[in-house]
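Shared between the two complexes below is chain A, which pairs with chain B and chain C, respectively.
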Partner chain A sequence: MNRSGNSFTENQSSNLAVNECVRYILCQEGSKIPIKHCDIRKHLEDNFGAPRNLIKNIITNANNILKNVYGYKLVQVDAKQSQYIVVLNKPCTKSMLSTYNNPQHRKLLIAALTHIYMTGAPVKEDDMWKFLTEAQLMKEFDVEKKKLLIKTFTRQMYLKYIKGRNDTFFFEWGQRAEEEIPKIFLLSKMSEAFNVGPDYWAEQYIQATSNENNGNDEDDE
Partner chain B sequence: MASIRASTSTQRDSQSSSFTYESRDRVMLMKNLINETNNIENKTSNPMEMLEMTKEIVREANILFSNGSIEERVLHPAENFLDSQLLRASSDVIVRCSQAISSNVNKYDKFELADHIRRNEDFWEFSFPLEAPAVAFLYGTFAPTPLPPRAPRAGARRAAQRPPPAARAPKKPANVATQEESTEVAEILHRSLKKICKDGPCSYFHVVLDPTSFSRSVENIYHLSFLARDGRVSVYLDEASGVPYIDMVSHHKRRRAENSSEKQFIVSLDMERWRDLVEAFNINEPMFRKF
Partner chain C sequence: MSYDNIHRFLLRSVASLGVLSFHDTEEILSKSFPETEFAINDLVQNINEKLKPLKQQIKIVNEETTMQKNLVFISLGCDITTKTQNMFSSEQLDYFRILLEQIMTTESRQITAIQAINLAGKGSVAITDAEALLLIWCRMHYLEKIGSNYAIGLRAIHEFERYFQENMPDRVPNCCLCNQSVFRGYNCPGCDEAIHTNCLKNYSDKHHKWPCCKADFYESHLERLDCQGMSQTLHSKRQTQGEPSNVSNRTVEIEDSDQETEETTVEISQSKKRKRKTK
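What follows is the complex of A and B.
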């Protein structure tokens, strides 16, 4: 890829910028840390001389490529700071875990998210540790694992760690979890585990099916 | 009564009213509110509706309450008594409401889930339906960014020259004891090898592997490596069979080969491989009994 695109026509150089944007996003998304709009802009400006007013267009075009070529899509997560995460455009339930993922971490995350969802309310920090310890996914005073939930998963937007009354902290689903995991999917895992129908948990079922409807509406657009 | 009612309807619309009730009227209104509260459950069985009604009544009671002045309150304790009665009645309704709602109780049992996770860990490890898989590459990029420049070159060159003499000096005394030891063992090994390989080269693994002891095998390899390093035996791969062989090197050949370039022969051995090799080469007894 020739980066000194001075002699190129405008079309070609903007194509290059879009491709570079796609490449940048793909490289950044692996960490699951949201990509900042200003970082994309900086990268394109510095390496491509892409004018500031075209950045939005470039990102939109890049999103199209992500959708059509990779089956990914960009989701804006923070209205103010403009951050993006990359999720799949259409659900795919049978994919294997990437070798990049740590299985222990994934188990912790799934347990935490399921516990929060099934509880139906934000979960107190201590309750979460007790639950995870009971499930033998961590030892009771394991600082590393606690940091994993409080810092890493929060940064990746899988969880939210928020302060409640009396200085107690609660765990909630983060925006990435909301985007990546349909509630009905988790509920069907639960029903498979306990050999009952998903409507056994009435409240959660209602929540899951109403969410599903919202999801379908988006697809129809 | 009707006239009072009429005025209350206008009262409801405006929080701040210029109209002040008399205590007597307020008492009457309060009693009505209390009766209404007690009737809520007769009017509906839907908890949400009950909540709404209770909310309304309490709001009216508050308006009523703010209607009187403090002096009146002190003079007419009946109002206060009714107020607290209303509070009691409405909170009873609420309690029953919440009990009714919680019969849609959350059947989620966190201990059950924790137990299931504990017993079926692998079940609870999966990828998310809309998760973009993290891409990991086996090899790096074709065009890696250049590594950050190392510390100043001149300093590096000087540093490279200095350590060898310094490193050698302390190493010598430390190694003297072990060197002597290993030379001794190597000598014994050498002598035995001379006898064994009198008729020609022998298989490397047949020499070093001790089917009875893994650690012995490792020691043999180690001692043999000294002999090889000193050029007294030669280890080579037989082209036909791909099997490593050992051959003795005469003094003659040693002097000639002294200046040749270094070659490396690396043997990696763990217990599993040791067992496999012993089996593959059909080694039943160690070549060397004791040192």
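What follows is the complex of A and C.
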């Protein structure tokens, strides 16, 4: 770093800021907790002297690098607070489970999401525990597993835990689940398990295939 | 070949798995991109060009025991940005560092599960959490479980290469037979030379001697070396090497000022111990 009065050329410093923005996003991404816009801004301002009015541009350029190098993209999830999650740029059915994830937790999550999807409506909290217990994925009063769904998965935006009528809580799909988990994938697992075609569940099939039409599979590019 | 989806897929796979064997890479890529001809080395080279400004890299390395080629994803930077990571708390990271230090200062470069869990207390990690953490780190290839012992995982070996060189240069010796860094191996009880488990086995099966000093080799040597008490081992090592009685010099040489090993707890003065607590 040039320590004299004139540091970088504008180009150099903006490249540095963009690369550091990408690095920051990748460092935060592992926990799956949404990344706050203000945290990105603070990190770049405080540590790399990035001017506030350029932050938006820097994030846009960082997003381009994520798309180009990794095939990831940033998605804004909370218009108010401005938070981002990192998801695949294009659907990819061949991905392997990251070692960052606990396979047991993953099973639990997929089961919960499948249950909500097949039910076709938000699932009452008690109903969810009953389902998961019957599926032998948790014991009836397993506080840790309940915390996983109510706290962790909601924080990661896989699930939504919403208060409904009569103070009952419901589980719904979170925005990250919508982005990350193709419904046709869940449906094909179900059809395998029940030995039927995926169109056996008409409503779900329509949902799953209309999603597929919106995104192009990586292979077609 | 211009940068394409196959590069991105490979990068995402290696980055999220941490370690992917060359063989599995070939299989997965052939299955996922059946129409594409590819050479893994070229793909990795292209990817690394893109990763350079991001301070990341995919290394193709040989695993010490199997000599199998593996792709390892490593983060090269250790700076203000990487320190913002939120997967592990600083106490958990301290615990990991303590584990690394303990493993690296044990003759056989392995520690028992019990030793590993007991070290959690030093890192202010609850013993109940320690088991879960050890599992996670094994899954991520930062540690490796060998039987009921823990050794340094392939990913840590390469990601922490500089850390080991800077903080414990005499803990990463080269094998007296093949001259590669030894992380799965032993120090000869006779002359203290380092050697890979594999290299030693290949030699001793034929010649029944330690290859370094040609001392007689017995299986019982390995049993004794495996997970011997740490301070015990080092203490006896010092005696055979005729170390100066002023131990504090040596401990400063071994580690960075803010990491302390068990050995320092045992052998150095109270003032050093206090220093650790304030860091």
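By our rule, the second predicted complex is superposed on the first by the 207 of 221 C-alpha atoms of A that agree within 3 Å, B and C clash if a C-alpha of one lies under 4 Å from a C-alpha of the other, contacts with A are read in each partner's own complex, and residues count from 1 in each chain.
In this section, a contact is a pair of C-beta atoms (placed from the backbone, for glycine too) under 8 Å apart; a residue touches a chain by one contact, two chains touch by 3 or more.
The model shown is predicted, which means the values in this text are computed figures rather than measured ones.
Enquirer: Following the overlay on chain A, give me a clash-or-fit verdict for chain B and chain C.
Expert: Because the two structures are overlaid on the shared chain, the partners are seen to clash.
Enquirer: Any idea whether chain B or chain C touches more of chain A?
Expert: So, of the two partners, B touches more residues of chain A.
Enquirer: Taking the superposition on A as described, I'd like to know which of chain B and chain C A:87 touches: first, second, both or neither.
Expert: The answer is first: A:87 touches chain B but not chain C.
Enquirer: Which partner does A:69 contact after superposing on A: first (chain B), second (chain C), both, neither?
Expert: second
Enquirer: Contact-wise, after the overlay, does A:95 reach chain B, chain C, both or neither (first, second, both, neither)?
Expert: A:95 contacts both chain B and chain C.
Enquirer: Looking at the overlay, does A:20 come into contact with chain B only (first), chain C only (second), both, or neither?
Expert: Once the two structures are laid over each other on A, A:20 reaches chain C alone.
Enquirer: Going by the contact rule set out at the top, does A:139 touch chain B (first), chain C (second), both, or neither?
Expert: The answer is neither, since A:139 touches no partner chain.
Enquirer: With the two complexes superposed on chain A, say which partner A:43 touches: chain B (first), chain C (second), both, or neither.
Expert: second
Enquirer: Go through the superposed model and pick first if A:28 touches only chain B, second if only chain C, both, or neither.
Expert: So A:28 only meets chain C here.
Enquirer: Using the superposition on A, tell me which residues of chain A are in contact with chain B and, in the other complex, with chain C.
Expert: Shared contact residues on chain A (touching chain B in one complex, chain C in the other): 26, 30, 72, 92, 95-96, 98-100.
Enquirer: For the complex, give me every residue of chain A touching chain C.
Expert: These residues of chain A touch chain C: 15, 19-20, 22-24, 26-28, 30-31, 33, 43, 47, 65, 68-72, 90, 92, 94-96, 98-100, 102, 218-219, 221.
Enquirer: What residues of chain C sit close enough to touch chain A in their complex?
Expert: Interface residues on the chain C side: 3, 5, 8-9, 11-13, 15-18, 28, 31-33, 50-51, 53-56, 77, 80-82, 84-87, 136, 139-141.
Enquirer: Which residues of chain B touch chain A once you look at their complex with the stated criterion?
Expert: 104, 106-108, 110-118, 120-121, 123-136
Enquirer: So in the complex, which bits of chain A are touching chain B?
Expert: 26, 29-30, 32, 72, 86-88, 91-93, 95-101, 103, 106-107, 110-111, 114-115, 118-120, 131, 134-137, 179-182, 185, 189-190, 193-194, 200-204
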